[in-house]
Every structure is written in structure tokens, then in C-alpha cells.
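Below are two complexes that have chain A in common, paired first with chain B and then with chain C.
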Partner chain A sequence: MIEGAVWRKWVFYNIPLILFVFVLLFPFYWMIITSFRPDGELYRPWNAVNYNPFWTNNPTFEHIEYLFEETNFGRWMLNTMFIAVVSTLISLFCGVLAGYALARLNFPWAGSLGTMIFITYLVPQTLLFIPLAQIIRNFELGDTPWSLILTYPTFLIPFCTWLMMGYFKAIPKELEECARIDGASRWKAMVYIIIPCAVPGILSAGIIAFTLSWNEFIYALVFLSSPDQKTVPVGVTSELIRGDVFFWGPLMAGALLGSIPVAVVYSFFVEHYVSGLTGSVKG
Partner chain B sequence: MTVTAVPGVVTRPTPRLRRLEDERWLALALLMPTAILLGLFIAYPFFEGVLLALTSQRVGVPGGFVGLQNFVKIWNDSIFRTAVWNTFWYTAVTTVFKLGLGLWLAMLLNRHFKGKALVRAFILLPFIIPTVLSTFAWKWMFDPTFSVINWALFHMGFITQRINWLGDPDLAMTSIIVVNIWRGVPFFAISLLAGLQTISPELNEAAAIDGARPWNRFWYVTWPLLLPVTMVVMLFSVIQTFADFQLVYVMTGGGPANATQLFATYAYQLGIGTGLLSEGAAISLAMFPFLFLIVVVQLLYIRRVETR
Partner chain C sequence: MAEVIVRKLNKMFDTNHVVKDVDLHIRDKEFVVFVGPSGCGKTTTLRMIAGLEAVTSGDILIGNTVVNEVPPMDRDIAMVFQNYALYPHMSVASNMAFGLKMRKFDKAEIQKRIKRAAEILDIGQLLNRKPRQLSGGQRQRVALGRAIVRDPKVFLFDEPLSNLDAKLRVQMRVELKKLHERLAVTSIYVTHDQVEAMTLGDRVVVMKDGVVQQVGEPLELYNTPANRFVAGFIGSPAMNFADVTLSGGNGRLWAEAPGLKIGVPEPIAARVNGHAGSKATLGIRPEDLRVAGPADPAELCFEVEVEVIEQLGSEILLDTRAGTSTFVASVDPTLRTRVHERLKLAINPDRLHLFDAQTEAAI
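Now for the complex of A and B:
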């Protein structure tokens, strides 16, 4: 890097970076502070005198208590967790196998199948939700976690496959050939030699798939109806707003607690997450 | 399963695992689970959606075949036209800002400083935290009476009247654009940062020694090398933004007076809210030609950039 005077470094690098970080993180700070602020402080007009919105001296747990006592929030968390974990596992299973086939096997149509997977990767959920809702109803899956567990892989599998293809292509062919010369079958070479080499990729794909299914909204909104079955994003949206009244304290507490599982998984595997994200755009 | 006479494979009953020695059979077996799930929940609903859009079905009313009537109807629907215009505006403005700010942030991060890993981990938060949940934080920040943004602007002396962020049609669109940019910038920044890191610093240094100004170094050295990554990132972002639903659903629900209605929110409102299933399906499907065009154009462009 070309170094200049100290003030230049501040003006051109440090101050813009601090501003970026501030703007990107402020909504989360606001979420946290609102979750612990009593209602009496929350609902004070923006131009009230002596009002300090950025801190509270009377932290309270009333909003979190409300969530667990008056709503099914605990249930929503378990539902979301179950759905996210199972659909991630299904997608990883399918994606690893398909990625291996597309990256390392010679067979007719391999190229066009790869392109097809890439195209489905780009199909947004909002394109198909209405006919899909009817299909879910015809299969009698409506209002069950399985309606989501089986449909989430439609956007997770293409992603996992695409990412895994990249990882498999990077593993040298000689590794597999050695195993084959030593007498391993194709299947065994894949399961015992190649897939273990791709574990970092599988981890990346799994983490991103988990956050994506935790984030999904429109399918969960349309396919689930009873309060017991809802996922966190849908439950918070439908049960904490009554008509025009927003329960902002519990809403923010729900948003905060609902973000924690994703944030924890992310914080443990930041490097895997970033490498997966950047791997997925390499194309 | 029948044993087909493939040249080179002995046609006698072979144990199942032996058959997997043939690459074609193995590929078939490995792709089967994916093909079943994607066929059942993408290809089949797409086909069903097209059929549904050609009928007059509503909730509880089976309805008959009506041809292209639904498409004619939405074509003449002024709200649909608003939604189309809004979607294009929303996509175009957010993409330009996400690219510009994302690139800027990527360049700020592309150097060594203390706590770089931590900063990088934190700035991705808007992208990984569930959109609905973080959008609620923004909705609370934009609240007409208790807005912290109004509070800050008031105390800095910029305003004396409150600003009704989500109640005014023009401001509501600007507000959802701001939130979308906020959510998308980290993705652009991290992906472009990865692209920047693959560019050898020697290229820039050589250009500097030859007397190139910083702007020229960026425009003639960095930018062309970054273009392939940029195009793929844009492709994902444009499609996700074009088909966006959750952010707008939470912030405004398409209002006020349809000022923020997008394809997806309008399809939801008609198809699920009002129960006009076939019309909702038609509106969703109306996205398809646009999405298809975006994908084709960008893929062709990416191919051209990569083979150059």
C-alpha cells in the first residue's frame, strides 16, 4: 500500500470505515436496546424533552417474559430449528452426491445438467409459491413442518451442488486413481477418499444452508397456518401485530432471540461461511 | 432394473455395487435424489402454475379454462403496472448503490489493519440475520411517532416537523430502498473483497511506478480484473431484488396506496390475501420472462468477459 500522511489515512480509510460499521450495525444495537427497555420509555415521542433513546437505566425482562408466556415463541424456535436442521441435512446429502457426479464423472448430458442446476439456483421462491401451495395441500402436507422440510431443499440443493462442484473439482484426480489402483471400488473411493477431503466445503455449504432456511419467509407464511406450527419469522410477524397495534418490545425481543441461533452458528464458523459465500460466486 | 447391453460391460446379473462401477450408472444413482426433489417441487409447480394461470380458479371455486384472460386482465390493471414500474425502479436503484457502496467498502477492507477479521465478521451481520427480523428493527426505527432517525435529525437541527417515513408514497419507496441496500452491501463487499484479494498488488505498483494516478489505476487495472466476480454478484443480487417479498411485506405491505407494491407482494395480495389464485399465479409468472432475460443477458456477458 502507498502510505501517506496520518490525516489522509483517517480521512480516506478510517472515518469511512467507521461510518460503514456504524450504519451496518446500528439496527442491531437498536434491536437489543429496545428488547430491554420498559414500555414507559419506549413509547415516548421522538421530540420529548430529556429523552435519551440510546440507553436505559431501567433494563427489564418483561418483553422476553411476554414472548414466552403469552405467545408460542419457544415452540417457534424449536420448529424453526428442526426444519432448518433437517432440510439442511437433506440438501447436503443430495448436494454432495450431485456435486460429485457433476464434477468428477463422465456421462452424457453432464454439462447441460450442470447448467440446469445453475438455472434452478436462480429460481426465486416468489415465482412458484401459489402453485406450490396447492401441491402441498394435495399431498396433505399443509400446516406440517414437512411442507417446509421438503420444499426448502429446492433452493438449498442447487446452492450446495454448485458449491460442492467447486470443491470436488479442486481435489486432484490422482488421489482417486490411487485408491482405485489399490482395489477400491468407485463407490468406496468416493465415500472414503474424496468426500472426506471435501469436508470444509460440506461445512461451508451446511452453514449457509442453515442460515438460508432460518431466513426463509414466504413458503412458511403461505404453507403454515396454526400458531403452533409457525417458524420464528412468521410467528413474530403474525402474532405480535394485532391489527394496527405493534408490540414493539416483544417484537424486538423476538427478533433478537430469533437471530441468536444464526448468529452463534455464524460466529463459530465465520471463515467457512465467508469461503462458502465467495466460493459460490466464483462460478 | 434391467441390465442393458452397454458395450464393455458383461451382460450378466451383477451385484448392485458392481453396477456402480459404470460411471453412467453411478451418476444416475447420485443425481436421483436431487432430480426427484427438484422435479417434484420446482418443475412440477412451474407446470402447474402455468396451467393455473390459464384458469379462473379461486379459493373454493374450481374454475374453468379461460385462456390468456388473466394475463389480459393484469396487463390492463393499473396496480399491476405500478408494481412493474416499482420493481424495476427498486431493482435498478438498489443495485447501483449496492455495487458502489459494496465496492467502496471492499476497498476499505482490502488492506492490513488491526481487527480486520473482526470488522469483516461484523459487517456481514445484516446479510446473515434473518431478513424479516432485521427489517422489523428498521420498521421500528422508521416508526412515525417514535422514530430514532427523526429524533437524531431533530436534535442535529435538520428538521422541526416529524418525517412520516413509511406513510408518504415517495418516502416509503426510498425507505425500503435504503433497507435493501443496507442488507445487500455486505454481500457485495465480502464477495468483491475476495475478488480484490486475487489481484496481485504488483500490477497496481507497476502502474503507480509508470505514473498512473489512483483513479486510473482503479479504472484500467483493478476494475477489469474484478469484472467477472462483479457480474456474478450482480446476477444474484438483481434476481433476489427483483423477486423480493419479505422486506416489503414487513415494511409497508405494498402501501401506502400501492406505492411500494412489487411483483411478489401484489401476487401474494391477490393470490393469497384475496384468494384469486389464478390471477396471483399469473402475476408471479409474469416475472418469469424478465428473470429469464436477466439470466440470459448476464450469463452471455459473463461468458464474454471470461473468454476475453
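Now for the complex of A and C:
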């Protein structure tokens, strides 16, 4: 804590904290308030007498109704959920096994391989989508959920592998050695001892992978074209921005509803998530 | 129950030769302690016996079977680790049951064995707790319990007491000793603490730089150390050493250093005769030095200056100096002396040690 005069506490602690919280939360507030303001208020000119962008006295569900009735929003949510869950599961499975191998099996070049996997994570998606588009076309997967389920792991697996590798390294190796002396093969020691100890790490990797695939935009934009195949980020922006007309109400309502699953996942696992990123296992 | 035999065992980590030609024969039901400073290869040797490190060359036999290529799970050993290595997500009972489950014991047998081990170690009330809810001493007991339930051929201990505080360590040391007497299973114990080695071991293996220096019963190591390293490592406070020159004169052998001239007692002098005129290291334990009385012969006495007085209650440790050599003497607690006072110390002639200056081997 900051010690000394009261002004020091305000200048070095309270005011920066308030600013920080304001900057972080204001966009969410804006999103929420815009979702519930009627169009009449949203498009009122800034110099009108009763102009008040930060509050509404006539909250409405019309934008949410519009989303579900006039667009495929429900379908987009299901698509996004399916794609995010399946690609996260695939990436976690591969990432856990690869992370374990890189952390624990002392095979030649394990260190360099780990670094190379991390470098693949650094290749920008905006470059990678070009060759991937060719591959998706060759396999005739375009405009199906599988085009994303199979391409998201290109960045999710390196990420999960890297995170899990670090987590496995933090688990005392004596645990595994003890299990192997106790009668477990390496595989059983991994399944019964190491993976249960790594649950916080696996949850963290899973949550981040889920969020990354939920929010992913460029692959979804390139690989999906028909309206009923789209994901939330692409669907909302392509169907609710027509030319230069922004349908602010439904756009913000879509963003609000689209962020709920991620928020739920985070809040549900937040304790594990934090310990996964900061803590290690003590024997 | 089994013997453990180690033949010409070597271990290389890349170009680093950490265990060199170790030969050992550990008898059935024996408690053997590997002791040495850190990096001496004792833990590596233990890990090779456990199967956690590959053997570079040589053989390891457990119960007459060469186990070099046998995976740890099939060696029928149990190991207690320094950090206990309790499975953090399992209860105490599950920790103890894990090894038995892996070996497909039936549930009734598992319960029976857990109950017996819990009784032996007095941890019955902890069975449903998780490791993080236990104190250091309790964790240590659970780790022991996990080893006991397996009923293995050999117990391996890798510095199991070094994470405990001093008082608990003494208590657990006694319990380990009792446990070994009760279970009578061949045990190999690694420690860097010579007190643990002396109190626990039926025999002690002293290692340095990957080489076994001496194998023997605790008192054998204490009384007749094979070389200067063993002499200095075993015993607390450590043995005093002084670099001396051996010389003949007046019909007897003398060990001389600046400010120091001691007549080498007859039985040792007879062994040393060939070394007269050469350099040597004189060794004498603090407990074999006393303040000289009128009856002490002059050739066994030397004058020192007191530098530090350590009052321990049951004894006084005097840090003293004679010329260029320093000596710690353990003396009667009733002695009254002051720093910088000059005293005469007498040595116990039967307990004098001499070591070759070059090879450091006992003469």
C-alpha cells in the first residue's frame, strides 16, 4: 500500500485506479446502454435539446428482438459455440500431449522444437489465411464449420503447447518418478498423476483457446460466406453494417449477447484460471 | 527381502563423470546410508538403483537379478523423496493406495494394508486429508506410509528428513530407526548429514566426487577413517588437522609443525617408520584433546592460545591456535579460562591419526 499523506494515496493509487477501471469498463457500459436505447434516441443529433448519450429513460428490447427475428443471430451463436468448443478440445488434446512431451521426455532437440512451435504461433494470421484458403478450397471445406475447426488449431495448438509445457515443467518431477516407482507406466503416471495436477493449467489454456476461437474474425470472414454458416463476429459485422449504414442498436446488442458466453466461462473458472497462470503444484 | 549388489557402477552426464566404479554389497535387511557432500554422486547412485537414471556401465542386482534394464515399476522398490512427492490431488488414503491399485491388489487387501501402515505411523486420523492440509512431519509420515504399504524388497530414502526442522528431524530419525527394526527391510538412505548417517546406518558408505571413500560400520569410520576426507567428514565437531613433518630424534618419531612438536605414540610410529622425514597430516578429534595435567607426558602436550570459547552446557569447545595450526578442543564444562589465555593441551595417544600428505590415505 501507499503510505504517507492522504494526497499521496489519491495521486498514486485511487485516481490511477479509477481511471483504469473507467477506461476498461466504459466500452462495456456504452455497449449495454446502446443495446437498450430506442433508435429515436440513438440517432438524435448531438445538438438536440434532450441529447443524452449516457442514459435512457425508455429502455427497449427492440434491438434484441430484431437480432433474433430479422437476422440469423441464434444460428450464429450455435455455429460459434460449436466451432469454438470443438477446436478448443482438439487444441487442448494436442497441446497437453505435446506440452508434456516437450517438458518431460528428454528427446534430442526438445528445446529447439519447443521454440519452433512458439515461432509458428507468431506468424500473423493475416498472412497465414492466404495459404490456408488454398488448402480449404482444395479439401472442399469452404463454407462449412470444419474450415474453421481445422484451421483454428494452427494457432491454438502452439499456444496450448507452449502454455502447458511451462505448466508441466513447474510440476515437481518427483511426483512422476514416485508414481513410476509405485508401479505406474509413464502413460499411467501422466494420466493419473500429472494431468490431474495440471488441471488449472489445462483450464487456463482451454479458456484462452475458447476465447480466441470465439472472437476470431479473419478466418471466419474468409472461409465462410453463406449467412447461416457465419459466426457471431462475422455475422454481426457483415449483416448489420450495410454499406455505410451502421445499425448501432442491433450491433451493440449482438456484441453484448456474443460476449456473454465468454464472460460466463471466465467467471466460472476464474479461480482455477488465476492459479493456472500464476501458481504451481507443491508436492 | 533382498540383497542389493552394485558392481563397477559408473554414470556419465555428457562428459561429467559423476559416479565412478562404485562396488557395494548391501546385505538382506541391512540399513545402509550413503553420505557425502552435495555433488558426490550419492543421490545419482540411489536413482540408478531405483531405475530413475540409466546406468552408463556396471551392474545393479536386486535379489540376484540384474535390473539395469528393468523399469522402476518392476523393481519392487519403494522410495521416499526429499520433498515427499505426495500426490497433491489425492487424499492420504488414496496416496497410500495408489501403488497397490497400480499393482491390481483387491480392495480389501488395500484397506488392510493402509490400516496397518496408518497404525504403525500413527496417521489414522489423517487418512481423508489432502497433502496440503498436513504439516511437514505428517507429510513425511504419509510418504513413509506410502512406501510401507507396498511391502517392497528394498526401501530407498533420498534425504527424507532434510526438509524438516531440527527438532522434528531428530524425532523422525529415531522413528525411522524403530521402523527399520520392526519391518526389517533392506534400506538404502542418502543424506549429507553425518549425524543421520552415524545414527541410522548399520553401515555407512562415504562418497566424494563419485568415488566411494570408505564403507564400514559407524564406529569403524569414526575410529579408523581410511583417509583424511572420511576423518574430516565423520564426527562433529570435525577432526583437527595440522600439516606436520615427521622426523626421528631421541630414539622416537616426532610430528613437527611451527609451534607444535608431538611425539608419535609407539604403535603408530611403528607403522610410520618408512615415512620419517616426509610430510604428513596429523589428525586429532576435539574430544581426544584435554587440558594437560601434571601426569601427562611432555611429548604428548603442546601449548595453545585460546581464541574463542563456545559454551555448550555439556561441554566447552575451545578454538585454539598453536603456531600456524588451529585446534578445537572439547573440554570439561567446569573449566574456567579466558580468550588469549595460554593453555597446555594433551592428546590421547591412542586416538592420534596420521595421513599421507600426498595421497591423504591413513598411515
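One rule holds for everything that comes next: the second predicted complex is superposed on the first by the 268 of 283 C-alpha atoms of A that agree within 3 Å, B and C clash if a C-alpha of one lies under 4 Å from a C-alpha of the other, contacts with A are read in each partner's own complex, and residues count from 1 in each chain.
In the analysis below, a residue touches a chain if its C-beta (ideal position, glycine included) is under 8 Å from a C-beta of that chain, and two chains touch if they have at least 3 such contacts.
None of the values given here were measured: they were computed from a predicted structure.
Mind checking the superposed model to see whether chain B and chain C fit together on chain A or clash?
After superposition on chain A, chain B vs chain C: fit, no clash.
Which partner chains sit in contact with A:185 here, chain B, chain C, both or neither? Use first/second/both/neither.
In the superposition, A:185 touches chain B and chain C alike.
First (chain B), second (chain C), both or neither: which does A:172 touch?
Only chain C; A:172 stays clear of chain B.
Would you check which partner chain A:85 touches, where first means chain B only, second means chain C only, and both and neither mean what they say?
neither
Mind telling me which of the two, chain B or chain C, contacts the most residues of chain A?
Looking at chain B versus chain C, the one contacting more residues of chain A is B.
With the two complexes superposed on chain A, say which partner A:193 touches: chain B (first), chain C (second), both, or neither.
Touch partner of A:193: chain C, not chain B.
Given the touch rule stated above, what does A:20 touch, chain B (first), chain C (second), both, or neither?
first
In whole Å, how close do chain B and chain C get at the C-alpha level once superposed?
Least C-alpha distance: 7 Å.
Of all the chain A residues, which ones make contact with chain B and with chain C?
On chain A, the overlap between the chain B and chain C contacts is residues 185, 281-283.
Sort out for me which residues of chain B touch chain A in the complex.
Chain B reaches chain A through residues 17-18, 20-21, 23-24, 26-28, 30-31, 33-34, 37-38, 40-42, 44-46, 48-49, 52, 101, 104-105, 108-109, 111-113, 117, 119-126, 128-134, 136-138, 140-141, 143, 145-148, 150-151, 154, 162, 182, 185-187, 190-191, 194, 208, 228-229, 232-233, 235-236, 239-240, 242-246, 249-250, 263-264, 267-268, 271-272, 277, 280-281, 284-285, 287-288, 291, 295, 302.
Quick check on the complex: what are the chain A residues that touch chain B?
Contacts found on chain A: 1-2, 13, 16-17, 20-21, 23-25, 27-28, 30-31, 34, 42-47, 51, 53, 90, 93-95, 97-98, 100-102, 105-108, 110, 113, 117, 119-120, 122-135, 150-151, 153-154, 157-158, 161, 185-187, 211, 214-215, 217-218, 221-222, 232-233, 236-237, 246, 248, 251-252, 254-255, 258-259, 262-263, 266-267, 270, 273-274, 277-278, 281-283.
Looking at the complex, which residues from chain C come into contact with chain A?
Touch residues, chain C against chain A: 50-52, 71-73, 75, 77-79, 81-89, 98-99, 102-103, 131-132, 146, 150.
State the interface residues of chain A toward chain C in the complex, per the touch definition above.
So the residues of chain A in touch with chain C come to 172, 174-175, 177-185, 188, 192-193, 196-197, 199, 281-283.
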